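Across the two complexes that follow, chain A remains constant while its partner is chain B and subsequently chain C.
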Partner chain A sequence: MRDLILQALFSGLLIGGVYALVALGLALSFGAMRIINLAHGELVLIAAYAAYVVEARGGVSPYWAIPLALAIVSVVGAVLFLMIDRIREHRELNSLILTYGVGIVLTNAVLLAFASDVRTTTAPALQDAVTLGPVYAMAGEIVAFGLSLVLMVALWWWLKRSWYGRAVRAVSSNRAAATLMGINPLRTELVAFLVAGALASFAGVALYTMSVVQPALGHALTVKAFIVTVLAGVGSIPGVFLAALLLGVTEALTVTLASSALQELAGMVLFLLVLFLLPSGLFGARARRG
Partner chain B sequence: MLRRALVAAAVTLGLAAGCPARAQEARPGTEQQIREVVIGAHMPLTGSLARSGQAFDEGMRVAVRLFNETAQGLRIKLQVIDDESAPAKAVSAVEKLVSDGAVAVIGGYGSNIVGPASDAANKLATTYITAGAVSDELTARGLKTFFRINNNAGYQRGMAGLIAELKPASVSILASTKEAPALLAKGLARDIGAAGIKVTVHEFDPAISDFKPLINKVKLQDRSEILLMSAYENDYVGIIRAARVLKPPVKLVVGAWSLATPKMYTEFPDLMNNVVGTSFLPFPVAVKDEEGRRFAEAYRQAYGKDIEYLSTLSFVETTILAEAIAKAAEAGTLKSGGLPETLRATDRRTLLGPVKFDATGDNPLFSLAMGQHRSGQIVLVSPPAAATGPISYPALPW
Partner chain C sequence: MASPRAPLPGLALAAAFLVLAALPLLLGASNYLLGLLISALILAGVALAWALLGNLGGMVSFGHAAFFGVGGYASALLAGKLGLPVLLTVPLGGLLAALASLAMLPALRLSGPYFALAILAYAQIFRILATEASSLTGGAAGLQRYPGLPTVFGLDLASRPGAYALLVALVALGCLAYAAIRRSALGLALRAIAESEDATRVVGVNSVLLKAWMLALSAFITGLFGALNAHIIGFLEPDYAFAGSWSVLPIIASVFGGYRTVLGPVGGAVVIYLFDQVVAKGLIAVGHQILLGLLLVAMVLAAPNGLLGLLERKGGARAGA
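For the complex of A and B:
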């Protein structure tokens, strides 16, 4: 039983790292612009398919797809932002509907381009087993977890230290006051959206190297990212990482100690419990003040 | 005035004669023109089941093409609507197809979609045939207009038969909680358990992305000799990959549908070798009869690839339906509700084996062989009557 639980904890942490990677971009656009980008999972999906193209057609490591994924996702992200920017009334609600629709369009575009076959890396090095004492993982999972950690720190640093990061926080806090301070809110939000797209690019490539991707996956990724974002609470980047790990470990322990059939239910129960007890999330603004 | 009226009447009659009449009745014994009959189909061309829907679509189109090449006095037109893998869309699709004049509907994929869609067809007194829904509940409804050519029992017979031949001490079943895989797992557990073999079933949520905690249970708790998977392609890849990392002490990995296909080996060569799945043809494809050869050739011509499991299922259902329509049209009963009766009289050999419908519309003769991936080839290994080679056992992909 000890080995079972250790493996569950380890697997939970690794899958939690991927959840964090997918959720960071969504959390940024939600925190900075109060926009829940329901097409975020599809942006991740596009990056994953870029990795597939580079590996399958180019015959090289899928990590070489990162520049291509960044370019494609940035263009799609910028177009999406310009569409959102045209919304004049009820921005939060209408952007929800708009991004949901764009998500459907993107899923079907991927379906048309790549058919509905399942794709995953065939690179032996990424699928090899890594043994750490009594626990096992795939090499691709370890890399994805490391990438998630690095990007989380980089995003936290960018928001805290860089001029644009501070501008994003200022616009998020009080758009009118930020404008009076000489910040261009449109440009700042575009930058935040592009950074969220960049995070989605990394997430997509990492996902391809450790999991199976197919066109219908985008929506599921968005839902998972949304759960993590709400669990973490608005405005806390390390909180997103920790909430994702918590979700991953909860799911893995449910599989080990109960049944895998209950793992999604366990995640949703955790989500509802946090919403009920801590409406601002585990690491949201109110919790931090406390 | 009279002359004008006569000219108008002549033009109207001329146009009416020239237009293709949908589902127009044949009059036995009279000289006929080639008549067009519309078959409707709702398929999940997009959404979560798109992979299956697209393969079904390909098989249907080839079947219609081949039928039209040889049919006398009748031409089938296929009208396909994408049901987006959603039950409500499938119901709307059936209503639209019937209102557009379809004499019968070919069903989509997934019991949860086929169920309400075939209900809708039944209310509209329209024949509905499927090869993509195996739930027993579908035939338990006793609909007179519902037919299907494959069922859960057929897959169960194939897989349980292999296990009976291998006689392992214990088996672990990993089953998706989706309706069809869960039902198959339940039946397998019952059949295999009845043979005195220890069976442990692990159900998993379809949203699972990491199978390692589950495989670790097989490795540390079950210690089974055979790992059975009742799931879909993405699950197979995840399960075998996790097993490759954890290396449980199993001797064979066996799965259900869509596993023993050339495509799976082409896309995941490092994961598929020695894996066994339900199949009806070896690979390289070796079809024994003329119908199979024509289908394989036309399919390769149209899509540049070999026939596979799903496209063959839809080819068979479409061909059987088209033949029944032709017979009903010839007998003059197509419009008077004779199609279900004609279809129920079906008794023929197909690429999938014999097809015959019982009172519930099910095909009790449906049964599949088991094929093993062997370095890019698929060898039929069970039952002995269908085998093209001996099974490699113990044998694993890693």
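For the complex of A and C:
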């Protein structure tokens, strides 16, 4: 039993890395544009199926799909951005409905193209078991987790040091003041949106190589990413990372100790508890949602 | 936006429901067609409830399936296990759905996307609970031994024409109630909240209480139609009664017809449902919702006030000229 729990903790941590990537993308576009992109999980989904196509039809390692995924997701993301930008009245409400609709379209497009079958990598190298003391993982899981860490550091560096990263933070904190300082808010929003899409692309390929994907995954990922951002509260990348690991571990423990039917329930209950008991999140400073 | 005292209800409402009532006669009342229209009207009831919450309460819900499922299960269980008359259990189903909305009260202090996602979480939790509490609900295997709609004053509500007549009447009643609330002082306060909640609180309106009432009313209507649907269909399972489509289709229907109008969601539901079942399913067997998704996107971009919103605006422009 102790081994099972240790294994659940470990697997939960590994999938948590990918959740963190998805959640950071959602948080980035929310920070810049003040809208929740309910189609964000579907961007991850597209990338995952790009990896599937490259592996199953192209016959090469799914990691080669990363450029393809980046290209497709960027195009879809840019189109989505332009559509959101066209909304004039009741922006918050209408953008929710719009991105929700785009999510339905993308999920069903994937369903039409690839059927509802569950897909995962078939590369033996990625499915090799790696033993680390009492626990083990697939090679693909380790690579995916490492990739998440690298990307998180890269994102942190980009936001702190690069011109556009600073511009994104400036627009997030005060749009009018940022505009007065000579930042083009629209272009900055687009950049933030595209970076969020890039994170989603990597997350999608990583998910395909470490877990199973199917069309319904997109919506589930959007919800998970939202849960993570609520858990983390507004603010830091490390906060989002820890919250994502917490969600991954909670899900994995629920599956091990109770039943896999309750996996989604665990995340939802965690979400509601934090939402009502700790309104500014586990790591947030002084966020306001009401 | 339509003026508060828009001369909508009265005549337009009567005309719309005469058309709705006559629709089967015009199209030739086959049982198949009546079945489709019955389902469309169930959806219309839920869409009306969704739009009421969205328009008057300013809240987007992605979780109305929760109320629909609770209403259906409550009524089916009360009638099937306790043997209460169906005419009593259907409104009780609505009341229990409203009661379930009390669990969501903490979500009311959340704004926009947080509320939308919190209510989505509730819907998931209810679905999982219905699956897991199998001694009561029959679990994933479903529930089917419970009575259908009864015969009242010689009108057999279990027959398709009877159920259709009942639903037309109830949807009309719902529209009248909605229109009445919108025109009342309550509606004025709610519109003010939608404009600026803080400002409205300052002048002494208990905004959370009002929003709670709207949520409960919306849940009641949704639960009522969920209960009716349960007795008309005669079979319930968690994946059907709490299906995401009971949350999605009302949104699409309301946005298509115009969720800031009274008749928009109802008209939208009839059009959307028939389009989905007859046209979209014929074109694309699996994944036919892609067409609905495209429609939703197109409507938000081109006509965010819906088809009726477009008409009203054109009418208003002419009147002003």
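General remarks:
Just so it is clear, the second predicted complex is superposed on the first by the 277 of 290 C-alpha atoms of A that agree within 3 Å, B and C clash if a C-alpha of one lies under 4 Å from a C-alpha of the other, contacts with A are read in each partner's own complex, and residues count from 1 in each chain.
Here is the rule we go by: a contact is a pair of C-beta atoms (placed from the backbone, for glycine too) under 8 Å apart; a residue touches a chain by one contact, two chains touch by 3 or more.
The model shown is predicted, which means the values in this text are computed figures rather than measured ones.
Because the two structures share chain A, they can be overlaid on it, and in that overlay chain B clashes with chain C. Contacts of A:8 after superposition on the shared chain: chain B is touched, whereas chain C is not.
In the superposition on chain A, A:252 makes contact with chain B only, while chain C stays out of contact range. Using the contact criterion defined above for the overlaid structures, shared-chain residue A:260 touches chain B, although it does not reach chain C. When the shared chain is aligned, chain B and chain C each come close enough to touch A:111.
In the superposition on chain A, A:100 contacts chain C only, with no contact to chain B.
In the superposed model, A:137 lies in contact with chain B only, and not with chain C.
By the touch criterion stated above, A:61 is placed in contact with neither chain B nor chain C. When both complexes are overlaid on chain A, the residue A:276 reaches chain C alone and has no touch with chain B. In the three-chain model built by superposing on chain A, chain C overlaps with chain B at stretch 96-104, while the rest of 60-68, 96-104 or 168-176 show no clash. Residues common to the contacts of chain A with chain B and with chain C across the two structures: 108, 111, 115-116, 261-262, 264.
Touching chain A in their complex are the following residues of chain B: 46-48, 50-51, 53-54, 85, 177, 202-205, 207-210, 212-214, 216-217, 220-221, 233-234, 237-238, 241, 244-247, 263, 267-270.
Contacts from chain C toward chain A in the complex involve residues 54, 58, 60, 62, 106-107, 109-114, 116-118, 120-122, 124-125, 128, 131-132, 248, 251-252, 255, 284, 286-290, 292-297, 300-301, 304.
Within the complex formed with chain B, the residues of chain A that make contact are 3-4, 7-8, 11-12, 14-15, 18, 107-108, 111, 115-120, 122, 124, 127, 129, 136-138, 211-212, 214-216, 220, 252, 255-256, 259-264. By the touch rule above, chain A contacts chain C in their complex via residues 35-36, 83, 86-87, 89-90, 92-94, 96-98, 100-105, 108-109, 111-112, 115-116, 223, 226, 230, 261-262, 264-265, 268-269, 271-272, 275-276, 289-290.
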